[in-house]
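To start, the structure itself, in structure tokens.
Chain IDs A, B, C and D follow the sequence of writing; residue 1 opens each chain.
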Amino acid sequence: LGKIITGIRDIERTLNHINIKANINNIMIITKLHDIEPIQWAQKVIDFLLTSNDHIQLYIQEELWTNPYFAKSLDLEHCNEKQRIHFWRGDRCSFKPETIDLLITFGGDGTVLYGSWMFQKVIPPVLAFSLGSLGFLTEFDVQDYENILTNILENGYQCSIRMRFECTIMKAKNINREDANLKNEIKRLGKPDSDTHEILESYTVFNEVVIDRGPNSTMTSIELFGDYDSLTTAEADGLIISTPSGSTAYSLSAGGSLVHPEIPGILISPICPHTLSFRPLIIPESIILRLGVPYDSRSTAWCSFDGKNRVELNKGDFLTVTASRYPLPCIRQSSSKNAWFERLSETLHWNERKPQKPFIQTDQFSY
Amino acid sequence: LGKIITGIRDIERTLNHINIKANINNIMIITKLHDIEPIQWAQKVIDFLLTSNDHIQLYIQEELWTNPYFAKSLDLEHCNEKQRIHFWRGDRCSFKPETIDLLITFGGDGTVLYGSWMFQKVIPPVLAFSLGSLGFLTEFDVQDYENILTNILENGYQCSIRMRFECTIMKAKNINREDANLKNEIKRLGKPDSDTHEILESYTVFNEVVIDRGPNSTMTSIELFGDYDSLTTAEADGLIISTPSGSTAYSLSAGGSLVHPEIPGILISPICPHTLSFRPLIIPESIILRLGVPYDSRSTAWCSFDGKNRVELNKGDFLTVTASRYPLPCIRQSSSKNAWFERLSETLHWNERKPQKPFIQTDQFSY
Amino acid sequence: LGKIITGIRDIERTLNHINIKANINNIMIITKLHDIEPIQWAQKVIDFLLTSNDHIQLYIQEELWTNPYFAKSLDLEHCNEKQRIHFWRGDRCSFKPETIDLLITFGGDGTVLYGSWMFQKVIPPVLAFSLGSLGFLTEFDVQDYENILTNILENGYQCSIRMRFECTIMKAKNINREDANLKNEIKRLGKPDSDTHEILESYTVFNEVVIDRGPNSTMTSIELFGDYDSLTTAEADGLIISTPSGSTAYSLSAGGSLVHPEIPGILISPICPHTLSFRPLIIPESIILRLGVPYDSRSTAWCSFDGKNRVELNKGDFLTVTASRYPLPCIRQSSSKNAWFERLSETLHWNERKPQKPFIQTDQFSY
Amino acid sequence: LGKIITGIRDIERTLNHINIKANINNIMIITKLHDIEPIQWAQKVIDFLLTSNDHIQLYIQEELWTNPYFAKSLDLEHCNEKQRIHFWRGDRCSFKPETIDLLITFGGDGTVLYGSWMFQKVIPPVLAFSLGSLGFLTEFDVQDYENILTNILENGYQCSIRMRFECTIMKAKNINREDANLKNEIKRLGKPDSDTHEILESYTVFNEVVIDRGPNSTMTSIELFGDYDSLTTAEADGLIISTPSGSTAYSLSAGGSLVHPEIPGILISPICPHTLSFRPLIIPESIILRLGVPYDSRSTAWCSFDGKNRVELNKGDFLTVTASRYPLPCIRQSSSKNAWFERLSETLHWNERKPQKPFIQTDQFSY
């Protein structure tokens, strides 16, 4: 039995490190818009993509195109490449996600996060150019864009498959029933006569979904369910449900461990829990997590999704969190699992001793 | 690509929850020997196994057989079942591990740990009876042994497959060379002309392997390698390399997260690290970890394996830790992933509020 | 020099353990009003105080007097003690704090907290009766009330002097000035021409004052000042400024240490700080702490005082926290500093092993 | 009562910030001996002290005097200052501690620690010159030595009074008595007929004293006493008993808080404790701590003092820790309590954001 499992793991590993050679016809560009630098690099790359071949269609932010720093140097008004340029805007995503073959970002990890946000369902492979400081996701030095792009277009690429969560807010239909009991209602979910909740909204997140006390000054009660079973009731300022990718973000500041993105796990990190034994947990991604506000709770709770879209959970409401069927494929330079450790050092100054002087003096104590 | 990975995970999950129906002919018994209670229960179960069928062979600790509490009530001296009883001793394991079909333990988690220790390579499925207090591994109430055993023998069982580590100590052959450099030597491991280290000992562990400062009063330097690459140098009191099963043991007291046993990860939890950013890590089980003492280190380090077998690592020595090909299959009552949460509550008093009075008073503040 | 300091500490210690023998004429009663038990005990104690002497004046919650559980058994309508009973209500405190000689509470630590809240300036010694479960402040078993009260009235009492904070919210007068800079403004506070802020409100707290992100979904920036100097800018979910008494409350859940109430220190415990090196601090109570929202902050912050009175801090506003001139004298049974450890064990189950099973199994590993 | 305490605190604060003007006749020099830089600076300062006045006597390490880097540039063989130079060696301290008026160190915090070690009883004020990197104790830039020394000699100085611990190891006289019970024996200490223990050794420490498991691979049991009362039994890898000065050293790596040196407290920080509720504590310096190995313990424990002088504690032995009557007066540049925060930033990179990139990306998420 152990051997079969080992075999399965081998296959998975291989897949995670496989080289993907796909036709790339439609490329979307996302650029940080407040700085000059990413705009200017985006411009160079667009120029290169339009001139180095004649079939690639580009999808560009409208705000980028009208940006003074961008327009200045690129003059496509009269060129024949113009018809290969299409515009999109964040607020009305006038493109079909499934037709995009590659997403290129200029900025930092936040720009990739924004890309994840735009593609709530299927998301194409992401090529994240870094500008100066490195991030967890931005491995490619933009200065080397010609080689990088030529290589990807001709030889394909390798991806780090990043888990995302699909989060759905379920509103209680009737919160005033005397006998309302969330545990019973969740146990009956999916049964034909279950009619206690309805879908309010649904979001896909890359880093984390958080439930917290919001404007309340005292802690909140969150009932935690695994599939249909009640696991525990958390009395805390909040709970952070994080992907492995998000383990270097908010979860870390709440005491969570650093988790390699290839680990198929969900992190649950409590914020200021009431009991000292409520330590951060890591559970299999196959569990369907449900987090609800009990009907007898003294206060409500608030959700946020990758730090956005604040929604209130009233009594009886709950949130469902599952591993999304649409993970984010992040193109990577090296297929080595060890690259993650370099990212930690560069981005978090993890265990770096040069800038951080050792604080224990006693071992210098030799005369 | 994401879909394929999801498919693979599904297969793995199914395997982990599959029902196993195997012929059980040879059963080994391990009993805690210092208390009367486990001895008396072992005796009842042995009696039952010998009388309820005529083919099962039993392997029993010699020390148990000669124990006064055991001998008193069981008189097999003249019975015809005697030839179905075989003896073994911890110090000379006179049995073939691969012929044992089932291992039954009477005691706590420590007794299972001892079983793991005895079966360093192939280990049969373990049926762990609990006596009174529940543990992480001892799910079965011994009082119900007749039903439990009949059911397993007739209908089969489900297992929780628990990762173990294979740990090998590699001694540096020549520590006095001026130019000795551990990073270079590990990079060349496996190459034909690599001749810097030799195997000293090898252990299989269930919970954790620890490298620490031992009798030294100041911290130690441990160089950490992923496969053949140097990841970082840890300046700390020690490093705990733990399986998910071990996440509720020593690793927890060093600040590690609680990790579900189905997560295929290796936990690295530093003990009193020198830098505040060295937080606990969880990395894929496919990484070959190597942990060594640099040639220029001011002190040596010490290993221990599941809290036993203290070995000193001198300068240039290193330890290899990999997921063992021989995981421990632990028979379980329920196939639900949620059973782990019940174990946490029962064993760690995880997030329990009844015995642990809430310590935040401010929310009681309503008049 | 060291000797003088040691001498000073000796005096302080003596004072802290001195026996106080004062005339007790006016006693105020505070009772938890939602449970029957504290009401019935309050009634017995009131009865005893009225009948066992003829000079003590009692100040009783009006809501208690009209409570059905209270009125039922006590009939004072026609008795001559009636004129010794005075009523007060939480919302219109019709009493002079400085005339009260003793405050008796029936309930838990929360009831003492409520008493602290009512007496924002001078507060009399507090005798806190516990009903069943013990708290950090409720040392006296109510069943023994006759002996306890007789002893206090005749022989005096010893107090644990508990630091409280005086917290003042300072509003920025003009937040739209282009050149507004909080660091400069705080440096100039108290100078004759400083006219940038005005007092909004002031609160005395017993456990802690918290500044947090409130309804915002991302962290907040809080500028921290010691006296008039900028110390650092905290990027975090919030900061908990706690007294030693509060070290067992909210601060503990954010990772703060347990601090003995005799330590003259202020605890600063960050909630989910942005940088891993921002560890909890303990600073001398003689520092005037100021915590402000920088003018260029992207969001506001929110204060709460002992979990109450939520107030928003806008850009440029700041909060001043100092050790109050009016500490809370808490009457104690024993003058031993070690009593605090008993409280920890009873209330937090601190380091208790009976209910909390040891989680490290490896040391049970002896066969 | 509260007012008296406030008054006392005021006096204490004043003392801590008072300017001390004393005659300085005898100065001792301590220098790090392995680097050239501190030796060369020591030489310049010695030169200056000998030539700028005619009464100061200097006490110099013999090893420094014979060091080639030192001798080369200073030629005092024939000068009349020679008789004002005296030699000492670490191993035979041929000087009277009480006659030294000033101790000057060249090196880092470790050099001050070494000075503390040399002066186990009375210790003169310490002037700690920093060479390049700043430490917690080395505030004075050596490049400015002429101004600094002239100012101190002429105008006096201000000190930060640093608590030290006096630690005494008490050996059990008869460990084989059947009925030996450490709790009872410690309760009877000091009584005329108590004859269970004798003094083995005594050390004064500046940072911390540690009791740990030493070479054992499993945790140790340490019984903790406050004065003569048993407080709790710690099951852990060890306990760190730290001064506020030591709160930035080993205690910090075990999760202890950062404690300002003016706080009169003792830090108890457990290393990998068995129970999750054993959190770091801070207790008044007036408590006499005793830490012992119970007679029924399965293993011994080991002490170390500022990372040195490893001593084994056998069953029945205990260690006494008290605030020393001989604190270390550390001359400081500024009397501001806020200087400590600057030290934290410079030395620990505490809450610094420049070198440590923010790890939460979600708030950059605005397009």
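Note that a contact is a pair of C-beta atoms (placed from the backbone, for glycine too) under 8 Å apart; a residue touches a chain by one contact, two chains touch by 3 or more.
This is a predicted model, so every value here is computed, not measured.
When the contact pairs of C-D are matched by residue number against A-B, A-D or B-D, over half are shared only with A-B.
Set against the C-alpha centre of chain C, every other chain centre is closer than that of B.
Between the chain pairs B-C and A-C, more C-beta pairs are in contact across B-C. Put simply, the C-alpha centre of chain A and that of chain C have 42 angstrom between them. Centroid to centroid, with C-alpha atoms defining each point, chain B and chain C lie 47 Å apart.
Touching two or more other chains at once are residues 218, 250, 252-253, 255, 273-274, 276-277, 279, 307-308, 348-349, 356, 359-360, 362-363 of chain D. Across the complex, chain A is touched by residues 1-6, 8-9, 11-13, 15-16, 18, 20, 159, 161, 218-219, 226-227, 229, 231-235, 252, 255-260, 262-265, 267, 273-287, 298, 323, 325-327, 329, 336-338, 341, 345, 348-353, 356, 358-360, 362-363 of chain B.
Interface residues of chain B facing chain C in the complex, by the touch rule stated above, are 32-34, 90, 108-110, 113-114, 117, 133, 135-136, 207-208, 248-250, 252-253, 276-277, 279, 306-308, 347-349, 355-357, 359-367.
Across the complex, chain A meets chain C through its residues 210, 214-215, 217-218, 236-237, 250, 252-255, 271-274, 276-277, 302, 304, 307-308, 310, 348, 356.
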